[in-house]
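Each structure below appears as structure tokens.
Below are two complexes that have chain A in common, paired first with chain B and then with chain C.
Coming up: the complex of A and B.
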């Protein structure tokens, strides 16, 4: 009986998981392992002939431009994660207030997320270069100045991501048990205090997931980077993914580029783990 | 009921897969090139592939030529053009194809020649290689192996609008020094239009404008390459090279005289075309690949090309010459192709370069669906007849050509040079910083 149950369980698992699992293995696990293998070889994009030990990683650590793009990416992650979540949470509070047109607003805020990164980049490139310089206070094209181009990237990312994160927060806010809120009101908690001590702790899982998603997106940013600034001006806005791509396909250092990708993976994985562990601590049971 | 739904889902899924498959083959076969060999007895033609369309500007003409070949050839060959995404790096396209065992038969590239050297056929001793003009094979000769043969020659320098120069009574042939060039630009400006449109495009600055320095850096090829070797070793000081300082003076001159002001927002190729074609600017630093665009904008215009003088000494090396070189080489895969396929690849290229029909497609004018390539092979009866092509032919005949040292730039260098020169062009770096940035490009 137990055996047949077990067999049933396995076959049921396979029915549902076999196809996705094999696709996952083929398109993620296999290339990932092969990628790591190539970082220890003299890979030239076509094939490899010998082991080179840690030479490729040593090359990565000696590449100033890689460090520049790594620090730039960390700054970009910090800026977009903080601003996106603040904006998204603010919007979520706004659209959960009882008011007219609330549903329409939710849709409007969500729409930027439906536009693909490349199109978004091109649209904003037009805005930054042709429209915004005509406005008062913005006499220049932000995309042509090293510091402002970075903030242009941040602004567009926040604009794109906020609507999506807003939905996560809206769902969480609406699932807060009204009885708890009512009890707190009876206890004398109002407005800000209620939000700080009741709502926010109760929706902490939403923060965990939103922070994780925004962080991951920021680390992986590529299409927007390519379409909006293309690393310009003078390579000052070349985020990590774009740098890795160019190392491999423009400078033709395939093995070094791959080693950079692995370093990038380790950085992202470490950051994500730390973030999830910390966020989990703040989660409470109602 | 439940079962039928399963079946329907499966059927739908397989349809999607089939559709994807179709899509794939659609993108590799192209549309205009699907006809099989023309001769009646040829039932199973040798199928080969040609990666890319050489240049995006003439892709329709190229596909028409291949369709013509497929329909008329007696070699029993069918060529399929593989479209590539615009802006996709050559090796990004090629490496997965090799990995998948579907390497293209014919490929065209320049900077990636060393990467391809061990995978492609040696052209040494082939009749076509023997027909190539002297000097045009050098860049593609890697350690004694002739990796590719040239497609065409291109030239760059200061393109000019003859009508504007005539109106300002400027004779391009009389410009012998940088001072002469400055006087000519002033004369144009005095007659109304801007003296020059100096584009801030990274590739124009990084590959072509930096070549003006490197090509003038020594009067022998050995001397120029020796400087590259020293730069690689990190031992060359650009600021103590007179040619570099001269080049910077001309850089400053063009920057100062360009239409509007020099900022990197001036990175639209089409604006350059418009300015020169309409006569808003008298000259434009660009190459002959722009001529079809210029003639499209102003069909009855005459556009020539003249040297970019950097030395202020009359008769100095290079002052009277334009940069002429080969932009792409044709390679034939030998790793994943059969001997029949390689023979077929040679026969289609032979058709292009030696038969009247092929030559008409290769070098004929754009208006009559030709690709307007300047031929670099013996025995061409068709030659481009435009004003600029005639000027270039004169420079070549007089031996007034500068080397494309940029063909010898290692991968990634022209991008790095592009960044460095854009900073200078944008006035955010000074001469010393530019020299340091350019030196750093070699050592990194």
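Coming up: the complex of A and C.
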């Protein structure tokens, strides 16, 4: 009996789990572990000859350009996460108002999200360089000025992501029990106070999710960065992801590039953990 | 009452103004895609006076639109189908086989979701390239990679759903003589419709629009996906913005059509995927 049970367990594993787990391991786990391993060696992308300890990481921390891209990315994450969520929540409130036509507007706000970052980046590259300078009050190409190019990147990111987060907030707002709202209205809570004390606490999980998603997207931003500014002017808008890509594939410094990628992973993982733990504290049981 | 109506009107106007702002970039692409090169340069804001449809035929030819579209389509369909099969099987196994191994595997899958692709892309070329496993750099290989990257999130989504299906269903099927795989295929999988739709949509949008992985893997022009091809095309023809805009519009249209056909399911899929 025990033998046939064991056999059954093995055949179950082979039928259901073996192939998916092998692919997952080969494509994700193996490169990840190898990648970490090679940051401690003098790796040229294909092979390595000796152990170098933390040399690659030391090189990363002495690289001013890396620090610049790291701080820039943190600023970008902060700006896009805050603005995207404010805009998305505002849009969600607007489109859930009981008025005709609001459904059609949801589509308009959502469409940028369907299209890939590269295409959107190219669209906006055209807008910033050819169209917007023709509008009153602008008159210059934002992509050519250090500070403005950063904000151009932020604006396009918000435009792209807010529709998606709007859907997340709309779903949450629609799921608030109308009886709870009614009861609070009877108790004298209306408009803004109802929003602040009843709705927002009840949909706190939506904020957790949305903050997590926007943060992850912002940390990993690459497509838009490449297509809109390509790091210009003077590398002033080169986010972490683009920096890592160039370190490895343009400057062909694989070991340092990979060490930077590992630092990036640690930053992302730590930020995600902190954010989820903090957000969970604000969620209430309803 | 009058005050309430006035406030509503203000909000409606605000919503319309915002919608116009959101749509503005697309309107600019559309009106400039049929213009002569110098009309774009002189006045990109005005409506076209003459319609230069040849921008489209030329863009289709120069970016080999049909080939790129076909590549994107094959990669997406293959990737999504394989992700559905792989992750539903794995999720069924993990939820029906309680063991330390299953628990650990599940935790590894969840943790893997915060690994940025950037941390894998450099070892990738060494591992799968010419000096490694030497996998062909074509659309089939890339679909295989998407399974590896997509399986974690999708298994997670399936797992939540399968855990809520009573086990008595499996047992009844087993008593009727169904094999383990037969039970899954005929009893369990048909019940997974709603999650399968979510998984399909989330992964389809991701794979269709993905850029970094194809940029690293697909080096031959005839294998390139639509976003990749559009990027190269745009870089070559920035001197002729009318043509470039036609190219951008062509690469936007397929996914927008997909959206209008699947609108309800896409919104439902996003809501379901986000509430996990």
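As a convention for this text, the second predicted complex is superposed on the first by the 263 of 286 C-alpha atoms of A that agree within 3 Å, B and C clash if a C-alpha of one lies under 4 Å from a C-alpha of the other, contacts with A are read in each partner's own complex, and residues count from 1 in each chain.
FYI, contacts are C-beta pairs under 8 Å (C-beta built on N, C-alpha and C of every residue); 3 or more make two chains touch, one makes a residue touch a chain.
Note that the coordinates shown come from a computational prediction; the quantities given were computed from them, not determined experimentally.
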### Query
Overlaying on chain A: chain B and chain C, fit or clash?
clash
### Query
In the superposed arrangement, which partner chain does A:234 touch: chain B (first), chain C (second), both, or neither?
first
### Query
Which of the two partners, first being chain B and second being chain C, lies in contact with A:86: first, second, both, or neither?
neither
### Task
Please determine whether it is chain B or chain C that touches the greater number of chain A residues.
C
### Task
For A:119, decide between first (touching chain B), second (touching chain C), both and neither.
second
### Task
In the overlay, answer first, second, both or neither for which of chain B and chain C A:278 touches.
neither
### Message
For A:144 in the superposed arrangement: first (chain B), second (chain C), both or neither?
### Response
first
### Query
Who does A:196 touch here: chain B (first), chain C (second), both, or neither?
neither
### Query
For A:216, is the partner it touches chain B (first), chain C (second), both, or none of the two (neither)?
second
### Task
Using the touch definition from the top, say if A:251 reaches chain B (first), chain C (second), both or neither.
first
### Message
So the two structures are superposed on chain A. Out of 130-138, 148-156, 166-174 or 256-264, which stretch of chain C collides with chain B?
### Response
130-138
### Summary
Dual-contact residues of chain A, meaning touching chain B and chain C, are 45-46, 249
### Message
Help me check something: in the complex, which residues belonging to chain A touch chain B?
### Response
44-46, 63-65, 129, 141, 144, 232-235, 246, 249-252
### Message
Help me check something: in the complex, which residues belonging to chain B touch chain A?
### Response
89, 91-92, 95, 98-99, 112, 115, 119, 263-265, 411-412, 415, 419, 422-423, 426, 428, 444
### Touch list for chain A against partner chain C, complex
9, 11-13, 15-17, 19-21, 23-24, 26-32, 34-35, 38, 45-47, 91, 94-95, 97, 99, 101-102, 105, 107-112, 114-120, 122-124, 126-127, 130-131, 134-135, 159, 163-164, 167-168, 171, 205-206, 209-210, 213, 216, 219-220, 222-223, 226-227, 240-241, 244-245, 248-249, 254, 257-258, 261-262, 264-265, 268-269, 272
### Message
Which residues of chain C touch chain A once you look at their complex with the stated criterion?
### Response
8, 11-12, 14-16, 18-19, 22-23, 25-26, 28-29, 32, 40-41, 43-45, 86-87, 89-90, 92-94, 97, 105, 108-109, 112, 114-127, 129, 131-132, 144-145, 147-149, 151-152, 155, 180-181, 184, 205, 208-212, 216, 227, 230-231, 234, 241, 244-245, 248, 251-252, 255-256, 258-259, 263, 267, 270-271, 274-275
